[in-house]
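Next, two complexes with chain A in common: one pairs it with chain B, the other with chain C.
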Partner chain A sequence: MADKPVVVVGAGPAGLCAAIELKKAGAPVVLLDENDKPGGQLFKQIHKFFGSREHKAGTRGFDIGTGLLDESLRLGIDVRLKTEVVGVDPGLRVWAVEDRGRSYLLEASRLVIATGATENALSFPGWTLPGVMTAGCAQTLVNVYRVLPGKRVLIIGSGNVGVIVGYQLMQAGAEVVGVVEAAPTLGGYGVHTAKLARAGVPFHVRTTVARAEGGESLERATIVGLDDSFKPLPGTERTLEVDTICLAVGLTPSVELPSLAGCATTYVPELGGRMPLHDEYMRSSVEEVYVVGDTAGVEEASTAMEEGRLAGIHAAWSLGYLDDAAMEAGAAETRRRLDALRQGVFGKKRFDAKSRVLEESHNR
Partner chain B sequence: MLKTSNRVADHAVLGAAPEAADVEIFLDGQPITAKEGEPVMSALVAAGVTVFRHTAKGSPRRMFCGIGRCTDCVMKVDGVPGVRTCVTRVAPGMRVERQDGKGNWSEGAEDGR
Partner chain C sequence: MNVPERTLKTKGAPSLGELEAAGMLPGLEDLKARACLCIECVEEIPCNPCETSCPRGAIRVGSPITNLPALDRDKCTACGLCIPACPGIAITIKRVEGEKATIRFPWEYLPRPEAGDEVRMVDRLGRVVCPGRVTGVNEAARNDRTAVVTAEFASEHVLSVVSMQRGPR
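Take a look at the complex of A and B:
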């Protein structure tokens, strides 16, 4: 058995679950996160999740986060906060910077990368004006710090992030003047979209933002209709008075650390673009390195948690902390829950995309 | 100036705002009441501040990602320019200043963050 710990980078839902499974199996584990609070994106999520009961449907994201946190504390996991990982070398040495001041190296027996995803930007004339921000920025301000970034908001992108953040801004007292979607159909789950629609928020499909204007900060946004080839349609411009534009135009897996670790990547549009290849145990092309959660293809918190568990179980087995039967049983159970999460119109697309990733990983 | 408050006191899901002690910070010399434990960014947004800095070409900036990734929100904090205000917590008496371009260091300022 190893004396070097398994190092888990990122204490979002994926990393927390990986660390919990490792610790439960008795493996030494160190969990690192650059924030001063674990939980990743979960603490911004104040709405009820859905799915089956075993996936904590009906539970709000921050409650799920608190539950995972309590469990990790109870298990006595070595969680190091305010610790940013800035490098990994092929010998599995992890370069950590604590509190932006102290830098040290950690030798890992296995590495689990759970660093999440980064929100995409969208450039248009005026996009740098104060008042234009990512949806996640607005969500952090309103749900974590309880401060409203603006009063009249235009949302760009009708996926789940866009409609959920729009609704949360309304709950906090802002007015959402519209949701703009370039595609011909809306992107979010029906329940979330319906909440905004019921409140009378107009949805504009086949539409994009043409420009943002204002003196020292955002005052107006002009939106424009699009034709079938996504070209602006002359004569369809409309100007809305807004002080905030939230960009909810997708997430891209954070692949910096997997790249440094030498993990092979592939391009999967349904999962956010370039992402590391992984097998059915979440192992990357580098045998000792696992990738889980949004880093391994953008999905949602519930799938991130299951992927984390899968990697934790397999890594514990690979170091001799679980026997074959326990590992196979744990992995099969986790995979069954993952498959259940990847159903329905949206889930099926992700299921097919993930299947392609596994296939490509095996054919290498 | 700076009388506005954009704080959400009562919230349908989150309930009443948690108790947090007031902390006084200064923006370009003007006092602002912040809440203990929050980042400079949210204290400024709460106070209705819409411009955090100007680029070298004079274009205004505020914040963009809110989680320390993009550097849109950088300001001069306690004499040190280029500090990401979205991931820097307020401290009593903290001096926050708008910077132009890359800004400049104050005499004797130390990069402790």
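Take a look at the complex of A and C:
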């Protein structure tokens, strides 16, 4: 048993932190990621993070990513890139496919699933035209591949993802011609929306995209006002010349692997929809399987890192690599930092939602 | 008292009235007396680099870190270290000297402005308010790639100006 490694799937902020805590405790750990570079979405984040000093506030996301990578290298963690996990069986055998060529089974003592979330799409006439993409896609293009997807951008959705990506597209030289939001009020942090507002970007609340048009690719978008029941208001259509539409309409936890592993799920709208249940140590309904980060309910990179640490500490303890006192102290400290991130007008909603998840997990 | 127009959650930026109601902005008399920190952060988000960046302990967030920052103007020396530290790009320093106002504001766009540049100062909704002139650009390493730009403009616009218009790249 002791020889089997803990397998961590997903080398984003949550998975990296879980693997780091496990390795620090002396547990054998294998970290798998389908990409050719670890870090998950951290390397796309060129803005300074919120939080406090202990959450690396004020540090740009990619610098936080570099710090975690350096630490994982220093600790000698077995990181296997270009490795997709396509299956898990009840005996905790993990089916990995390396470089789309070699397939093998890994027997795990514990499994930590940190596979993140998937961006939601929005369908409307013309949504398949080249130029219509998710905000995360535009962010990858501009910040990872350094390709500007377009010059005139319309953002659909005013949550933090939409407005952060809008700001970054302007930093890269594009114009954001507008942000539309179906709700009556904007979703993202006011300090984020204010960056766009002072750059002259118009926000349109109670508005959605009606259609996108163009020949070979996107050339214009028509937006339309919405009534109180989100129905289009006749006579409020406006056409904007754009070559890019970024869809920033939320994310959904990637629950494929937890489902395969037999983890019970629940539906929590505030955390992105269907997600695996977990307890206060991030343990799913299957005792040996942990779920962390956006997979365990969509939040932020800073909360993902803390959840990863929590699971890593508990998994190490469950295998005998930490004593009770060290585990409890580490868990309490991590939870304190997590709670600090789940306060205020924005965090409270997530705190309450997470509390419901814990309660449901205990009542099973 | 009139309820101020609330624009933060509809137009993306707070109105002057919203900021004044939150008690966050210096008054004209303060601005004439000395350089004043303007923290435009009116939502409870988990964030405190303004507090930890201040060598004088003039900004207090405390616990929980979702508290709004509270400024002790008597302790603030307007050193400006908090300007690039704020992840929200929400802090400026303004001052009025006769007909001339000075603003120090964070700037994360390219190309970087240079001292002597003639620019257009904008308000919170990006509307051009008046012409301005850049007098300095601080790109110290500790700013971590957030430039701090100093610009001068006509002092009658000091309450509405927050930044400058972005030029073509």
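Methods note: the second predicted complex is superposed on the first by the 363 of 364 C-alpha atoms of A that agree within 3 Å, B and C clash if a C-alpha of one lies under 4 Å from a C-alpha of the other, contacts with A are read in each partner's own complex, and residues count from 1 in each chain.
We take it that a contact is a pair of C-beta atoms (placed from the backbone, for glycine too) under 8 Å apart; a residue touches a chain by one contact, two chains touch by 3 or more.
Remember, predicted model here, so these are calculated numbers, not experimental data.
*Asks:* Would you check which partner chain A:60 touches, where first means chain B only, second means chain C only, and both and neither mean what they say?
*Replies:* A:60: touches chain B and chain C.
*Asks:* Touch check for A:212: first (chain B), second (chain C), both, or neither?
*Replies:* neither
*Asks:* Quick check on the superposed pair: does A:191 touch chain B, chain C, both, or neither? Answer first, second, both or neither.
*Replies:* The answer is second: A:191 touches chain C but not chain B.
*Asks:* For A:345, using the defined touch cut-off, is the partner it touches chain B, chain C, both, or neither? Pick first, second, both or neither.
*Replies:* The second partner, chain C, only.
*Asks:* Classify the contacts of A:173 with the two partner chains as first (chain B alone), second (chain C alone), both, or neither.
*Replies:* both
*Asks:* Given the touch rule stated above, what does A:22 touch, chain B (first), chain C (second), both, or neither?
*Replies:* The answer is neither, since A:22 touches no partner chain.
*Asks:* Could you figure out whether chain B or chain C reaches more residues of chain A?
*Replies:* C
*Asks:* Using the superposition on chain A described above, determine whether A:199 touches chain B (first), chain C (second), both, or neither.
*Replies:* A:199: touches chain C, not chain B.
*Asks:* Shared contact residues on chain A for chain B and chain C?
*Replies:* Common interface on chain A, chain B vs chain C: 47, 60, 171, 173.
*Asks:* Using the touch definition from the top, list the residues of chain C that touch chain A in their complex.
*Replies:* 8-14, 40-49, 52-53, 63-66, 85, 87-90, 108-110, 122-127, 144-146, 162-163, 165-166, 169
*Asks:* Which stretch or stretches of chain B touch chain A in the complex?
*Replies:* 6-8, 11-14, 17, 38-39, 41-42, 45-46, 50-52, 59-69, 86, 112-113
*Asks:* Which residues, counting only chain A, touch chain C once they are in their complex?
*Replies:* By the definition above, chain A touches chain C via 47-53, 55, 57-60, 158, 163, 170-171, 173, 179, 184-186, 189-203, 205, 340-347.
*Asks:* For chain A, which residues count as touching chain B in their complex?
*Replies:* 34, 46-47, 60, 100-101, 118-119, 121, 128-134, 136-138, 140-143, 145-149, 171-173, 216-217
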